[in-house]
């Protein structure tokens, strides 16, 4: 069973209204070709879950500039003017979440946990509307899992079974987001035959990967 | 600042009454030389946190056979008769925890989380005495962090800064336990100069490691 | 019937439940037999919870690697395309619903899909190891066991009496005598072993069985 | 005073707080200056929260690696002994108390150790990024900033008015005018910049300052 598909197939898996986990950080380690194809196709009403909304014309930001996103969950939007403009004019719903919390929420979804407790955000606006759980005399925020329909991942190398290797800081959120979607699609620079990757070297095992899109 | 110490120094860091996280699984990936030295020294009243209590004469089991442990938190004790005998005669307090839960509890301690929610153990004796948290209509067990005074880790290679690489399934619980102790001591087969390990290859960054004990 | 033949019959039948590309976790003991009967036209990956996906065959005597074992402590080899990871990620895979099927033994299983396979109070307390996470997290939980215990007593009950491993998580039970599915209506008899009569089956099954009009056989 | 000189004075002073073997996370902007003044006799490792421990110097123009950036998006190099990891582990390191020191900028900080550095309602909402985790998790939180804002108004307050990044987590504040420690008794003036008088300092500090009899100077 091959996991390799072409770009058009990958795009056809993402519907209007889909929630999408986008790996990458400030456009590094981001599935840029898939994003470009999504922009071209114009798929609308996406929910974007990402560490940062990158730049107006680079990374995930292009989807916001093109008004294909109506909800964002992110920790940082400061590098992308379009996000802020659309948030202010009310056309884009933005939830800002501390980065470590967001990653734990995604990991929880991928790991079958019902949530995690953290002190991050206690006593700040982040705590508003959230359940506080006291454990042995200390308060914690209960942070719920965040999964999605699709994860768009960027890897450096993959074997045909979907085992993934990343490059330097382009690893970032990719291994976590790869765990937490119904379908995980990976844009990959190089696909090698099974057996060519050292089992010690694999960061994301193929069990998390549904589709590979060659560069 | 060198992290390399000798076996005697390592042993002197572990006091009677210390809680110790033991990496390894069925004695594979277990800091056997440090355990042998602990047996020789006879340090008493240890709390042992480990996936399984290994065998009567191999792995962490030797410390139980030698009656140096008065409390065990583990997921499996079936391969070690001494554990069961001492549990039945009341000299050893044993808490049995599902393996995935135990690992998440240790990870939570190392990661600064106040706990995690899991469905594992719901409706079983594991749930007894534990807080149940309802999230969006589903019940979960609240599992608290488990850290310790000391973690005893076994690595295959380390550089002088404490960056670690493991061997095959001897990796097991070691990277998680390395995160969760006040002092992490690593028994390592080979110590290489800084810069010799590829930054991509490192599984446990040196930030988690306090001491290296060469083989 | 010979134990080895019983094992083989159960292993062959469960192997038919597999699909190409499945990720599977086999418990120790009888369940490992499934690995010997994978249909040739499909490829499956076996996980061992101590931190590997892609367990291969047992090594030849003399070529064991001390750092390469499975969850039962036995030496293994790795398959092409295997990967190593820490046990915390291993259980993230399990609990997160990424394992298509787990096959486990049972002390008792009941018609509500409850399973008891980790302890007998006052007698045997090995610990649950990874069983509770596996049963809770895997997409499909299949029980592989002999239909009755060594005294001929029923292990498939109306309600488990031993401490549970998990509540309501079992999908399918495959024994030397029958294949049974836990459904919303109750325990459905799907297939009966060739040479076994419904009366024999009922006599050693405490659970209520839903018996369909058409009942295929297996294991002939 | 020249901005570059202010930056340098603050960077030099904070670098003195470091110990050999420390793991440090520097916020973007002014805090990065600290890296330029590490005492020669010690070695520290800088983390960047996007997934690296052991950030090196900026690359030479033309030798940038597109896959190698820091939390501010700037190109970096790696130091010998560096390691890469995913951002979830990066924040496990941060939140788990494994970072000895973080140095961050501030919009406001108050005498209770409260910090506001992530938004100005209705004006600037970049998001908190990793700041809330850093401030909550690092063993020591040091604020590096100019003493007053660009209009000469106090940023060191009795109580923050902007939305908080975290409550009561700041240890030390280092500005171009003073070094101040948050203690159980209040905000303790530890050192004053050479050439600054206590009156000048009080005039641009809203917080109550505890002033000791003996007050060393810095930055001369």
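Order of writing sets the chain letters: A, B, C and D. Residues in each chain are counted from 1.
We take it that contacts are C-beta pairs under 8 Å (C-beta built on N, C-alpha and C of every residue); 3 or more make two chains touch, one makes a residue touch a chain.
Since the structure is predicted, the reported quantities are computational estimates derived from the model, not experimental observations.
**Q** Would you mind checking which chain's C-alpha centre is most distant from the centre of subunit D?
**A** It is C whose centre lies farthest from that of subunit D.
**Q** How far is the middle of subunit A from the middle of subunit C, if each middle is the mean of its Cα atoms, in Å?
**A** The mean C-alpha positions of subunit A and subunit C differ by 35 Å.
**Q** Counting only Cα atoms for the centres, state how far subunit A is from subunit B in Å.
**A** Subunit A and subunit B have C-alpha centres separated by 32 Å.
**Q** Centre to centre, by mean C-alpha position, how many angstrom separate subunit B and subunit C?
**A** So the centroids are 29 Å from each other.
**Q** Mind pulling the subunit A residues that touch 2 or more other chains?
**A** Residues 104, 107, 111-113, 118-119, 166, 168, 199-200 of subunit A touch two or more partner chains.
**Q** Can you list the subunit D residues in contact with two or more other chains?
**A** Subunit D, residues with two or more chain partners: 52, 78, 84-85, 91-92, 94-95, 136-137.
**Q** When you draw the chains as points and link the ones that touch, which shape shows up: line, ring, star, complete, or other?
**A** other
**Q** Which of the chains touch, listed as pairs?
**A** Contact pairs between chains: A-B, A-C, A-D, B-C, B-D.
**Q** Please output the residues of subunit B touching subunit C within their complex, sorted ascending.
**A** Within the complex, subunit B contacts subunit C at residues 25-26, 28-29, 51-52, 74-79, 84, 87, 96, 98-101, 103-104, 106-107, 118-126, 156, 166-176, 203.
**Q** Across the complex, what residues on subunit B touch subunit D?
**A** It comes out as residues 1, 107, 109-113, 159-161, 163, 179, 194-195, 199-200, 202, 205-208.
**Q** Under the definition above, what is the set of subunit C residues touching subunit B in their complex?
**A** It comes out as residues 48-52, 65-70, 73, 78, 84-88, 91-92, 94-95, 125-133, 136-137, 163-167.
**Q** Using the touch definition up top, name the residues of subunit A that touch subunit B in the complex.
**A** Contacts found on subunit A: 104, 108, 111-119, 133, 135-136, 138, 140, 142, 144, 165-166, 168, 199-201.
**Q** For the complex, which residues does subunit C have touching subunit A?
**A** 20-21, 23, 43, 45, 47, 52-54, 78, 80-85, 91-99, 136-137
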